[in-house]
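Think of it as A, B, C, D, E and F in the order they're written, each chain with its own count starting at 1.
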Amino acid sequence: MYSLNVRDHIMIAHSFQGEIFGPAQRMHGATYIVDACFQRGELDDDGLVVDIGLASETLKAVLAEFNFRNLDELAEFRGSNTTTEFMARTIFDRMALAINAGRLGKGALGLVRLKITLHESHVAWASYEGVL
Amino acid sequence: MYSLNVRDHIMIAHSFQGEIFGPAQRMHGATYIVDACFQRGELDDDGLVVDIGLASETLKAVLAEFNFRNLDELAEFRGSNTTTEFMARTIFDRMALAINAGRLGKGALGLVRLKITLHESHVAWASYEGVL
Amino acid sequence: MYSLNVRDHIMIAHSFQGEIFGPAQRMHGATYIVDACFQRGELDDDGLVVDIGLASETLKAVLAEFNFRNLDELAEFRGSNTTTEFMARTIFDRMALAINAGRLGKGALGLVRLKITLHESHVAWASYEGVL
Amino acid sequence: MYSLNVRDHIMIAHSFQGEIFGPAQRMHGATYIVDACFQRGELDDDGLVVDIGLASETLKAVLAEFNFRNLDELAEFRGSNTTTEFMARTIFDRMALAINAGRLGKGALGLVRLKITLHESHVAWASYEGVL
Amino acid sequence: MYSLNVRDHIMIAHSFQGEIFGPAQRMHGATYIVDACFQRGELDDDGLVVDIGLASETLKAVLAEFNFRNLDELAEFRGSNTTTEFMARTIFDRMALAINAGRLGKGALGLVRLKITLHESHVAWASYEGVL
Amino acid sequence: MYSLNVRDHIMIAHSFQGEIFGPAQRMHGATYIVDACFQRGELDDDGLVVDIGLASETLKAVLAEFNFRNLDELAEFRGSNTTTEFMARTIFDRMALAINAGRLGKGALGLVRLKITLHESHVAWASYEGVL
């Protein structure tokens, strides 16, 4: 299995609902360093997992929706705790849509798996991985 | 598959038995930077892989048993070489016990896999991964 | 010159005033990975720059005031943009006070310089360094 | 599953064929930080995934063939784009041969999987993983 | 003293003249991860060392001249070995010109020092630091 | 001012004397990731701060004396606590001697400063810097 990983980041504010979150129930924020890992069994005709330029641009475009935002104010997250693992899944879903819509190029239709990892600090990170 | 990773570290002394270990047969030591990666298919009711506070505390408690110790002096390791990969398995077993005993909370009973990685330097690391 | 560095982190929300800040004028947030670098010409009687346990605890205590907070709501920051470089200075001032108040031990009174660095992402960080 | 990872690096020049590569069609280069991750179900008789000394030496020997080279001039790569993912596979194949030839010791014959990762920058990396 | 650091990277090919360079006399290449560290005594009126957006864009523009290039083919480097330390100085000089020309904004005219660091691998890096 | 940095590591055991060290009074150990940073005002005739090959070899030779050792057993450290900052100074002194003895080449006689940093974990490091 081949994989290619690109990295970008976002800076967001949010708060959590539920006693389990302790002080994180207060409005706070995070820098998420985001890794998108594209996977496939064989390389495409150009010897690539995916066009790294398109992959980086698309990741940036997906993240732009959340960058410099208070996630509590976004309608789609109403009723959800935007934990690191939840946001990993959210970004996975958007990237999967972008791949299937051909935004990463025709070669990218051969991708079989995707893993999104969000690093919230030097001592904690979370990810979601699934088939495409 | 979702995962959440937390990081801590220990500083230990030990020595190895067997010619294959060369100069590492002498008493020496290591800083192990330890990553515990918790995995599950779906998030729990709070939108979490695991309570990150409990996960960090439990990892610290498991590691405390070995921190600032000469592993050669611990009865349980008699007859074993406490290599990085061996210690990854040892810490895996203790964390698995802690999870099953409910020390990471009721939500953590939904975890399905665990991976423990020990970084012994910037150029070498080892891990053990298994089902829970 | 000797130095000793310890690392911790905080997760905060804030917003900036001024067109120069572009989208960062919106409520957003950051993980700041914080390095405190203590400096002196000669080691103390224990062969130390500073007691690393006290240094780490004091850094954590200083940071606790800001951790999981919306900095816009703190009275002391009214009228200021809590940029990364501004926060580096803020944390420098508090650590300097703690050192001079003896909270890092008597040996720490021999410290001559302090540098505080805040990493806001894998591609940007800021610091403030001064004499004690 | 146990794994052990060792790291080394090479510095190479190359150019790519195909409009999809944009400016990377020009002669340029890369530092590849290379991770070799050896995997197996059970440890060998010495409590090891693999002899870390032999693993490191063999990785260095495999990489030496490419280090300080213009990959465009190597006959075996004629007609191929030596992308990061392509080079991950190339190094995988050579390490697999070395393992099967016994160059990592008899214990290494128990290895079941290998993953080679090449980091081309702090924001991009690629890998190839397969059975041995 | 305040500082702000931004990071980017380039991928270049080159070769060196002189026996001291051994195998690096052959055409090879490098990924340079480039840190630009801007320094000043007091923050500007916006509470900034420098506008981080302009700083990042200008660094990218300065690096674009070298990115995906064979440095041996650039007229300005004829007769020079484009070592990592030499390139740190080259990029320093261009950034200093850009600052003095006002490309980082009027606030940036208050900068007093600049340090450029080029990481050529995980085990080697070089820098040039000077007054502005 | 130019600088060049090379990195290596050692794995040692030791124990500390004095109540201030708490559990670190027990036999334990550390991986020290060691950075040697060579500094000078102008490059030598080859466009170098120092021959990176000789610098790396000499650092490895200096570290070999301590690698895979119990520092408590070395006669030269009798009566000293081999703290991270103490070891930074010890390695500084040996590297300075090696430079002055010409082991890093004639060009290296132009070096004016040296900084040795020892990383004991991902959250703590110490250094010693001085003139040559």
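The working rule: contacts are C-beta pairs under 8 Å (C-beta built on N, C-alpha and C of every residue); 3 or more make two chains touch, one makes a residue touch a chain.
These numbers come from a predicted model, not from an experiment.
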| item | value |
| --- | --- |
| Chain C onto chain F, rotation angle from CA fit, given as a multiple of 5 degrees | 120 |
| Copies chain F and chain E - interface residue numbers shared by over half, same or different | different |
| Farthest-lying chain, centroid of Cα atoms versus that of chain A | F |
| Intercentroid distance (Cα basis), chain E paired with chain A, Å | 31 |
| Rounded Å distance between chain C and chain D, as computed from the means of their C-alpha atoms | 41 |
| Centre-of-Cα separation between chain E and chain D, whole angstrom | 30 |
| Per-residue multi-chain contacts in chain D, two or more chains | 7, 122-123 |
| Chain A - residues contacting chain B, complex | 18, 20-22, 80-81, 83-86, 88-89, 122-130 |
| Touching residues on chain D, where the partner in the complex is chain B | 1-8, 43, 46-49, 51-53, 56, 105 |
| Of chain F, residues touching chain B in the complex | 7, 9, 11-14, 23-24, 26-31, 33, 67-70, 73, 120-123 |
